[in-house]
Structures are given as structure tokens and as C-alpha cells.
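Labels run A, B, C and D following the written order; every chain starts at residue 1.
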């Protein structure tokens, strides 16, 4: 590896490296009282800069950098930019909440940035080592972030649960990695994934893939590996939940994409059925549990479980199509979840935490705009037309029907109908009930504008969806 | 003659024991950390075996990374446990179920 | 020219109805009544012109469509007219009576708040009736048919605050609806057979149909069934047993209405319909026998009820039903013209009787109970005279109109010369006796004897507006029978109908006077005189068997109770279906039950989640083992 | 302009509805704006009605844009006579509703109007979409404004009703989506015209038919799926009930005639007896259920179900007719009857709900047992009520008679029993309609009912125009009959060719 390569690699990885340095800087800045109040701004500005760097360096070619351990292509950059945008929205919205809860500190933003960088590395990783490091970087940061609210009992509990279970998942993934390494003699993901083009499928390969994908299922919170998700949603501070619900999902989707794209294993009946049934089971469990929830975050968590099930179905469906269906689903789901949690973050304040669904009673009379935005978000999660959530579910169903899996499709849609009920319940509390939540604050024009971005996009992309589809189709082929 | 299979079975058993340690242990959180450590070690064993048998050094490089990360994980785990202990004055796993349902 | 006249009749009537219904309060009641009457009168004149035309031009049939109601491939229904002698005659009768009733109502209804609404209704009624009469197809007939039913419904409930009135109108409408249900099936059956609703096409298609081979249900001929269903419609409208129960109750309406709708015109629509469809009915042999029996039963058994009723209007109403029975039984032997003749005479004298009754009721300040009347002959001489004329007509006193028409029916019945017709003839003859008794009873109790209602001095004749219609009708009742030859020679429609054995007016009169009917007349007179004028008892009438019979008759054969039970049953069914089946089973058990089950399951799932870390870990490991197990089993 | 009239019809109310959300200052201005918008939409539909060429069998005013090429979904609009008439019904009803709404006291008036405008546009979309997915999108999206209308402005038990409404109809429609996807997966098109040319095997058609029929049967609603409707009607605000009864139910019927009968006729014909029986149960049984309802809105809701039973009966008779008579015209007659019943019921039920709603506004009760003798206090309303009740029981001269006559006629051609049961509605509908009138309108005024406000000018106009429409449709049905005749013949041809 010569200097030229190194420079090229550095330049191609500049946004992440820049962010990394900024994360350090913020950590330092947090120590000094005089700089402490600037950490937010520094974080925002550096994220924007990183995003712009990433945006302007966008090319359609794929480049292997750092001795092929990382890869940069239009796929990675596209998803990274989405990560940046989502991240930006999250920190912009969470300011007020964090201030109320007195959680603002240098290490908070620094850790958050590290978690982001970890996810970005997962997206770019082409080597098992970098991949593992990326996973661990984001996980380690998140463990600490969840536990950040030291006075809260449930934060600690959420953190320890997430910690232990997440390490089990990591260990499973690593275990799978070790066998893959043993079979292929390589740590390069592209080589591992292409292994089958020259070799027969061995049972060991299948089992290690299943191990790895159980790890992935855990990260996506696909049932029965979902138990951590509701606890973390409930226990963690809302901005952290917001992060966990969104960016790692995108990262792990790319993880799955790397391992499965052009891989013959998808055509293996055992593996594809594994993905399929896991997905259906997850939709079932998620919806069934969400139905009885009284707490809004747990409800969203279980709805997340159901949606992750759909993501697995979408991955299954990439048999027929390509990963664009799954990618669209992941993006849709991520974005709508961010919107939902951001709205909850925004209306929670130190005096009034939105914990139960009934806390939203009469929100529409207090703030019509917020409740309409929330409604759009929820409808999108439920997959009702006029929102992109419809296309997301539509594509999955379409893929299932195209593979003549009508019964599966019917089961899935029937489960979705169950799911509809709890989304509607939120809407009914917001719109149909008389409210008393005078403590909800819904001021701040800038925040409202930021909150409106995603719901507006949800509608706008619904009306003109084709450029998204064709773009995803183009880059993921 | 000890073949690769033996090693692999050994590491798999190690993995199983550690996993069992996690859910059979219902007393102390610290024991969890140990089980986790053991789990990662079984992975390490695997990597070393494969690396050795295939004459490829990268597997062993990976092991170093895993060890380092494991150390970091232990550190953070301990930190979480400390904060948990401060909040509730106990490390009984049985008591950690405020979040459920 | 004639076409314009024909079109303008319904237009004038609907105009009158609309003007009365929507006019502002500026139009005073009297003026409104006058305008309305004038419009009807003009229509009447027009109808006379049409009538003149169709009786002077031999075999002339005016036929056209105003417009196409529906004209799609496979279905052509027009709205139009078919004026032959039958409909021209009927139109004249309807419009004449309507006009008379209009005039009468100006006086009778003058104190009503809803005066104009009343006039709007009767104009609408006349319109619907004309629509029915002049229709050239079955659908238009049905529209008019339902239209008159509607107005009858509205008018019976005219005094909408009275509970009995609104009960009666609902009853009337619903029972008519029972008939209509069958009627519409009948219409459709005819359509399916003859491929048209239009009379002209229908009857010409009838020639192409092989009637004898139309086996349908249970050995009945298709035409029989169709005609049977059509006749059920007629039974409801023309108040035949057992669907007659609405007519006595309909006397809750204002009296002019009883005269117009429930005596002279609407109730005869059933007769008119059968007469109109006579070319079809002559093929329905079983059904015509049925018609014959129903008519005879109605004529006798409902007539008997009239002897025991004390409400002046109800007595007349029962007599109407009985007379309708006569007309129907004439239909039963395909003697359509005879039946129609009785319809025509009956229209005049029955309207007359009702209007007289109305005059009495008005004079007595809305008292209808005949036990509180008596001796009114002196105070109400004109009314008495007219009532007497009406009574003479109905009992068939020689040379009155009723004499001609009723005797003709009896004669034709006897002449038919089958077992059934002879049996019916006997029934009708007894019916004639009964008619005499109750009619004379009424006039004796009301106008003779002594007044039983208090001070007779306060009673006096009503104004000229009330009386002049009586006089007109009385005159018509007296003279209208002399046109008998027109009827016996009247071709109902394009098909030839039954030859009537008729040798001229004088032989008919002499034959009629010497017939058994005269015996019943005389016998009836003496019975009535004995019982009601002299107030004596007849010994055999007081034995216990006769008491029992009279109890049955007074209970009106429990028909009302039967329909009441039916409606109670329907309500109970509905209540059961609504609360038990619809709500309990479908809604609670299935529609809400399934979600409830799912919700329960969900709550159960939630409750079994412990939240313990080691359970979570165990579950992960367990699932892992299961997944591996399954895949191992599949792979190996 | 005339070429894009359908787009205008769809998007004008939707966009103006969204804009009206941001204006809440002055109620009078809002009323005015709302009425004007609805009037313009009505006027546009009038133009549509007028410039539609009845003699052509083709879809007209076609707009075809490749909306989502990657999913093969087109923005494909077009109308035949069925659609035109339904759009016309739709715009009239919404115009009337907008007039009626301006007489009400409302909270959040702008949102209320916006919901209705949205519903207006979306319904027009449903009736004019010729791409299955586009149809589905409008079909589903229509639930949202209705859900909000019932849920926000409804009665005491509105939440239960609205959720039931939403979930129940959603449940059905999602099966519809799967059916569409299946069709697309074999013929690679969502285009209705290619749906018509599709040729599925019998078993496929049966399953497709079941999926689609459940969706539309819930929407109509047919007998065992009907229980959401009374609840929704009882809780919905008056205008909501009007739209629900007059428009939403018709969407289900439209679905049958556009997506079920011509697309999977074999499937339909093999299961038609079942649906005929369900329709007859709806006519007889649901009619009987209506009799003893104590809530006026519930009564009318059940009567709506019963009347819609005629519509479905007319639809499913066609296969029996084809089997027994083989005469195409008979089928056309049956379909014409159904279509006429759809339109007629739209007006009659709308008017009845307006009457009941006005009674509720004045006396704050819909319970029949609480009311009596309203004729004494509000004669104008009461006479209209009587009129529409009579129209409801299919009195000749009103529009309801025409459809029922044709359907009874068609059913007689297949079976005497069908005709007998179908015509029993003459009695049953008279019982529930007129018994209602007897108890509520006639009689002595119930003590405690004190309200001297009769219909005001606007309400008189509303009721009068509805009455006029009902009468005109009843007296001169030929205009509409011939208007849609060619289309129905063409439809019949399509169906016959595939059986």
C-alpha cells in the first residue's frame, strides 16, 4: 500500500475521519465550561460538513479503500447521506428535551457521533474486522448513552439488558464469522459472499450464515430476538431511542445487503425459508404485543418489531427482485420512526413526559399541526395510502404475490389489520378525545418546520415516488 | 490424534457453556460479564484454529481486535453495573425487571 | 285536438294539486276550493268530450304515449293513454264524482286548518286515478294504483293527531302493500309471458301464446297464477275477504274522502284492472272460479257485519265492501261489463250515501253513532230524501240504478248455469236480503223514530254547497240505470267478451221485478221495518245459536285480530332478529368477538413477559436451538 | 381543459380542501368558500355529464400518464356512463352537504369542510380511476377523511364506530390489493382494460372473486358484513351519514360492477347463488331487523343495507339470467336496475339522513320513543320526511321504484322464489318506513318537545331539490336509462364473452 493509495483512501473516507476528529474535539470541549454550550452547534455544524463532504464526493463508481477493508460506492454514500439527514433531524429536535432533562454534555454528543461513525463504518465495511469494529463502536457508544441518565432506574436496566443481549448477538455474529473465515479463508466480505459462485453450498456455510443472520435479526429486533427493543425504547432517553431505532437499522441493512447480494445462498430453500418465517413470526409477535401496550414507546417498539419482520420479508423478496424493495422499506420505516419519535421527543418536556398513549389525549386541540404530522407518520407506518408506507408494504406484498406465496401474503395483511388498530388508537386519542395536557409545549417555529420535513416528504414521495424507486433500483442492481 | 474437529467441538462447547452461563445464572450481574468474556474467547479459539490450519495470519489479527473490544466491553459493562448499583444498591438480576411486557 | 284534451286532464289535476299544496297563505281557503273545483270541472268537461267521441265513433281507440318512461333494449315502457269506452266511461265517473266531492268539501272542510292540503290531496288523488284509468300499460297502471293508495293513506291520516286515524292509515297502506307485492309479481309474470307491458302489444302477443301448454307450478296454468297474483292486488284495493279489513277503519278520514276514494273510485280500481285485463283473465279458468267465490263470500259475509255496526260511516263502508263483492263475483264469470255497470251505478249511489252521511254528521257536530240519532227526517228533509234515494238504489228498488245493475248481476249469474255459479247466485241472493236489511235499518234508525241525542231543535240543514252535490248525485243515482243497454253492449277492449243475454229495457224491467230478488226486497223490508222501525223482537233471533252466530259476526270474523297477530309476530321477529341475531351473534360474537379474542391473546402475551434478563437470554438460545434443530432436520 | 376535466374534478376539491385547512378566521367566509368550491365541482361534473358521448362504448376523457413506471402503475383516468353518473351523484350530494353544513354550529369548521372536500375529490378519483392501484389508493384514502369525520364530529360512541368502520373496511380492501397484485403478476398490468381481457382459470377466478367480493361486500355492505354500518351511521354527524349512505356504499357497488363482474365472471358465476342468497337475506332479513329499531339513524342504516341488497341482487342475477334465458337484454335490464337503485338510493337516503339530522339538531334525540307528532311543530320538515319515507319504500313515481321494478323483473326471469322474496320488500320497507312516520311525525306532540324552528330557507332548498331529483328520476327514468344503456350493453358483452 503506497502513499498514493493511502491518500486516496483518506480522501475517500474524509467525512468519517473528519467526524471522528470532531467527536474527539467535542469530548474535549465538553470539559470546559465555557465551551460546553457550543457542543451542540459544533456537532450540528460538523455533521453538516461531513454530510456535504459526502455529498460532493458522491460518485457512481465503487472504490475499495484502505487495502480493500472499506468500500465506497453510490450505495454506501446514499445510505450515509440518509444517516446524516436523520441524525441531523434527531439532534435538532432533541435539543430542548436534553436541556430539560439536563443531559447536555460533551460526552453525550461525542458518544452520539461515535455511534454514528460506527454505523457509517458498518455501511462501508468490506472486511470482517472493520465490520466488527464498526458494530462494536456503535454498540459501545450506545451502551453508555442508554445508561447516561444515571438517576433513572429504568435507564440502567435498559442499558444492562441491551448490553448483555447485544454482546450475545455480537458473539453469535462473530461465531458465524469465524466459521466463514474457516471455510473461505478470507475476511473479505465480497469474497465470502461470492464463495458460492465457485463452490457447493456446505452445511457449515449455511449454519454460519444463519448464525450471522440471527445476529442481524437481533439488531433489527426481529422476533424472537426482539426482547431488548421495547425495554430500550422505554428506558433510554428519547433521543437515544430515536438513534437506535433508525441509523443502526440502515447500517445493518447494508450489512445484510453485503452478505447476501449476488449470493447463491438466497436461493437455498433452508436459508430463504428461515428469513421468511422469521419475518412472518416477527410480524405476528410485534402486532400481538403492540396491541396490548399502554405505553407509547413500547407500542412503537413492538410496531418496530413488526416492521422489522417486514424488512425480513423484503429481504426474502429480493430473491425475485433485488434489494431495492428492502432498501425502500428500511428507508421508509426508518424515516417514519424518526418522525414519530421526534414528535414524541418534541412534545415531552421536563414537566410532562409522554409515557402513556392516553397522555396524547386531545393533542389536536392543543396543537393541530403536530397531531396532523403525527397522524401522517402513523398512517405511513400502518401502510395506508397517501403515505409512502403504503408503497413499502405494497412492494413486499407484490414480491410475495409474484412468488406465488398468496397465503403468506394474506396472513401478512391480516396481521397488518391487527396492527392498524393500535395506530388508530393513537390517532383517536389525539383527535377524538377531549384533552387536558396543558403541559405539552409545542412552540418553536424552527422545530415545527424540521418536524414537518419528514411528514411532508412522506406525502410528497407518495405522489412522485418513481425517482426514488428508479434510483434505488439502479444502485442496488 | 487431535484434529481440527476436536478443536472446533471444544470451542463450540465453550460457547454453549458460556451461553448457558448467561441464562442459568440468576444471581449476580458480574457473573454475566464473565460468561460474555468466555463467549468471546470461544470465538477467538475458532479464529486461531482456522488461522492455524489455513496458514493465514489475518484470523489471528482478528483475535487481537476481539480481545481489545472485549476489554472495552468489560469496562463499559462494569461502568453500567456501577451506575446500576448506585441507583438500586443491589446487583441481583432477579430485581431487574421494571421494564417488561 | 283530442290528444291535447287527454293530456291536459292530468296536467290540470296535477296543477291543481301543486297550487293547493304550495300556495302561500294569501290564497284564502274558499278561493282555493273554488279554483280547485273549477280545474276539476274543466277536466270533467274535457272527459265528457272524450267520452262523447269514443261512444259516437264505433271501434275508436285513442292510443299514444306521452313519453317513453324507459326505453332500453329489451324493455320499453311508455307513459301514455288508451281511451276506449271502458276508460272513457271510467274517467267521466271519476271526474264527475271528484268534482262533486270538491264542491261538497268546500262546505264540509271549511273550518279545517289544513283546508288547502286537503284539496291538494284530492286533486292528487284524481290525478292518480286518471293516470290509472287512462294508462296504456301495466306499469303506468301500477303507478296510478300506488298513487291512489298513497293519497288514500294520506287522507285517512288527514287528522294526524288522532291515534285511530294514523293507525288506520298505516293499516290501509300496509294491507294494500300486501296486495301490491303480489300485484307486481303478477304484472311481471304477464310481462314475461307476453313480452310487453303495453296492453296493445300484450293482447296481440297473447294470440301467439299456446295457452294450454303453460304448465307451471303444481299443475296450475301460468296464466292462472299470474291472474291470481294480479287479483290479490285487486283484493287488497277493492277490499275483498280477507284483505278488506282496512276499509272500515279507513272511515277515520274526512267523509268526502270516504265518498270519493273509499266508495266510488279507488276501491273500484281492482274491478277496473280485472276488466282491463279481461282478455287475459278469460284464459284463467281456475282463478276466475276463485274470484267468483271470493266475491260471493265478501258480498254476503261482510254485508252481514253491517247489520250489527252502529257507526253510520262504517255501515256504509261494509255495504261498500259487500257491493264490491257483487262486482267481483260478476268478474268471476267473465261478465266484465256487468260488473262495470254495477261499478258505475254504485259510484253514484254510494257517493251519495256517504255525502248524505257526511251531511248528517256535520249537522250533528261530528257524531257518527247511529244509536244517538233518530227522527232526523223532519230536521234534514233534503238529506233525508237523498239518503232515501241512495238506499233505494242500493237495495235495488225497481227502476233505480241499483235495480238494473244488481239484477243484471244476479241474472247473469243464474244464466251462467254451473254448480258453482248457482251456489254463488244463492249467496248473492241472501246478500241482497242482507243489503236490504242493513240499508233500511240505517235509514230507519237515523231518520225515523225519535231523536236520541238530545235537543233536536238545534239540528238544521247545512248550506247549499253541501246540499247541491247531494241533489246532483241523487238525480244521477235515479236515472243512471237506464243506460243499461250501453253496458251490455259495451266492448271492454279489442277482444270480444261474453255475450250477455239482453232483450231490451222493458223485458228486463219486467223480468227483474218478477225475479227472486224482489222477494228478498220485500222480505228485507218487512224484517227491517219489524226490527228497526217498530222496534220489535223476532223470537227465533234470540235463541242461543243465533246469539252465537251474531257474536261471530260482531267480532267481524276476527280478521282484524288475525292481522294484528301478524303484525305482532313481525315485530317480535324483528325484535328477535335485531337484538339476538344481529347484535348478539353477528356483531358481538363474530365481528367484535374476534378482535376481542385477539386482544385477550395480546394481553395474555403481555402478561407472560417477565422482563428478566435471563429469560430473554434463554429465549434467544432456545430459538437458536429450535432454528438449528429444524434446519438440521431438513438438511440431514 | 375539457380533456383534463377528470383531473380537475379530483384535484380541485382536494387541493382547495387542504388550503381551507389554513383558514379559520371567519365562519361566513368559510361557508361561502366551501359552497363555491363544491358548486364549481358540481358544475364541472355537469359539464362532464353533458359532454360525455353516450353512444360510444369506449372510456372517455382518458388521461393516461405513466405515474410509477417501475411499478407499472399509471395515472389512468377515464369514465364511462356508470362513472359519469356516479360522479354526478357524488358532486350533487357534496354540494347539498356543503349547503347543509353551513347551517350548522360546528367546532373546527375549516377542518370539517376540508375533510368533506377531501372526501369529495377522493371519491371522484375512485369513480374515474382506471388503473387498479390508483383505484385502490383512492379507495383506501377515502377512509381517512371519513374516519376523521365520524371520529371527531360524531356522537357519544364515535370512537368505537369510527375504529370499527376503518378497520372493517380496511380488512376487506387489503384483500382487494392482493387480488390486484395477483392479477398484475399474471398479466403484468393494472390497467382495467387489460383486466377485462384477462383469462384466468376457473379456480383462479374463484379465489380472485372471493378476495375482491369480500372487499366490496364489506363496503356495500352485504348481509353478514353489515354490522359496521348502523354503528357508523348512528355516531356519524349528519353530513357524515349523508356521505356515508349516499356515496361510500356506492363505492362498493361500483367496485363490483367495474372490478368484479367483468374481470372474473367465471368465478362470480360459480359462486353467484351464494351472493344472491346473501342479497335476498339482506333484503328480507335486514329489512325485518330495521322494523323495531329505536334509533332513527339505525333504522335508516338498516334500510340502506336492505336497499343495497337489491343492488347486489341485480349484479349477481346476471349469471343466472344468462344461464336461463341467454338473452343479453335481460342482463342489461338487471344491471340497469342495479345502477338505478344505486343512484336513487343515494338521493333518498341522503335526504332521510338530513331530515333525521335536523330533528336531532332541534330536539337532541334520535330515539323514536322520545319523539311524536313533529308535524305539529315543524310541518315543512315533516312533510319532506313523509315524502322521503314514502320514497324509501319504493313508491312508484319516486326514483326507488324504478330500480326495484327492474330487479324484481330480472329476478323473476331466473326464479319465482327470488322474485317473491325480493318483492317482499314492498311490504317490509313500507312497514319500517311508515311505522317510523307514524310514530315520529304523526300523533300528538310529545310533551317536552319544544322547538318552533321549522326548516329555514336553505334547508327548504336542500330538501326541495332532493325531492325534485327523486321525483324527476321517478317520473322520467329514461334519461338515465338510455344514458347508461350503451355502457351496460358493452359491459354485458364483456361478461358474456368470458363466460
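Throughout what follows, contacts are C-beta pairs under 8 Å (C-beta built on N, C-alpha and C of every residue); 3 or more make two chains touch, one makes a residue touch a chain.
Remember, it's a predicted structure, so these values are computed and weren't measured experimentally.
**Student:** Suppose you hop from chain A to any chain it touches, then on again the same way; how many hops at least until you reach chain B?
**Tutor:** The distance in steps between these two chains is 1.
**Student:** Across the interfaces A-C and C-D, which one involves more C-beta pairs in contact?
**Tutor:** C-D
**Student:** Greatest Cα-centroid separation from chain D: which chain?
**Tutor:** Measuring from the centre of chain D, the most distant chain centre belongs to B.
**Student:** For chain A versus chain C, what separation do you get between their C-alpha means, in angstrom?
**Tutor:** About 78 Å separates the centre of chain A from that of chain C.
**Student:** Distance between chain C and chain D based on Cα centroids, please, to the nearest Å.
**Tutor:** Those two chain centres are 36 Å apart.
**Student:** Whole-Å distance, chain B centre to chain D centre, using C-alpha means?
**Tutor:** Taking the mean C-alpha position of each chain, the two centres sit 65 Å apart.
**Student:** In whole angstrom, how far does the Cα centroid of chain A sit from the Cα centroid of chain D?
**Tutor:** Roughly 44 Å, centre to centre.
**Student:** Counting only residues that touch at least two other chains, what does the list for chain A look like?
**Tutor:** Expected reply: 160-161, 164, 168, 231, 292-293, 421.
**Student:** Residues of chain D that contact two or more other chains, please.
**Tutor:** Those would be 167.
**Student:** What are the residue numbers in chain B that touch two or more other chains?
**Tutor:** 19, 22, 32, 96-101
**Student:** Which pairs of chains touch each other?
**Tutor:** A-B, A-C, A-D, B-C, C-D
**Student:** Could you pull out which chain A residues touch chain B in their complex?
**Tutor:** Per the touch definition, chain A meets chain B at residues 128-129, 132-133, 136, 140, 143-144, 147, 150-154, 156-161, 163-164, 167-168, 171, 174-175, 177-179, 181-182, 185-187, 230-231, 234-235, 292-293, 298.
**Student:** Chain C touches which residues of chain D in the complex?
**Tutor:** Contacts found on chain D: 164, 167-168, 224, 227-228, 285, 288-293, 327-330, 332-333, 336, 373, 375-376, 390, 393, 395-397, 401-402, 405-406, 408-409, 412-413, 416, 419-420, 423-424, 426-427, 430-431, 434-435, 438, 441-444, 476-478, 481-482, 485, 489.
**Student:** Within their complex, state which residues of chain C touch chain D.
**Tutor:** Its residues touching chain D are 67-75, 139, 142-143, 145-147, 150, 153, 157, 160-161, 163, 166-167, 169-170, 173-174, 177-178, 180-181, 184-185, 188-189, 191-192, 217, 570-571, 573-575, 577-578, 581-583, 586-587, 590-592, 595.
**Student:** Which residues of chain B touch chain A in their complex?
**Tutor:** The touching residues are 15, 18-19, 22, 29, 32, 36, 39-40, 42-43, 46-47, 49-51, 53-54, 56, 58-59, 61-62, 65-66, 69, 72-73, 76-77, 79-81, 83-84, 86-88, 96-101.
**Student:** Which residues of chain B touch chain C in their complex?
**Tutor:** Those in contact with chain C are residues 19-20, 22-26, 32, 93-94, 96-101.
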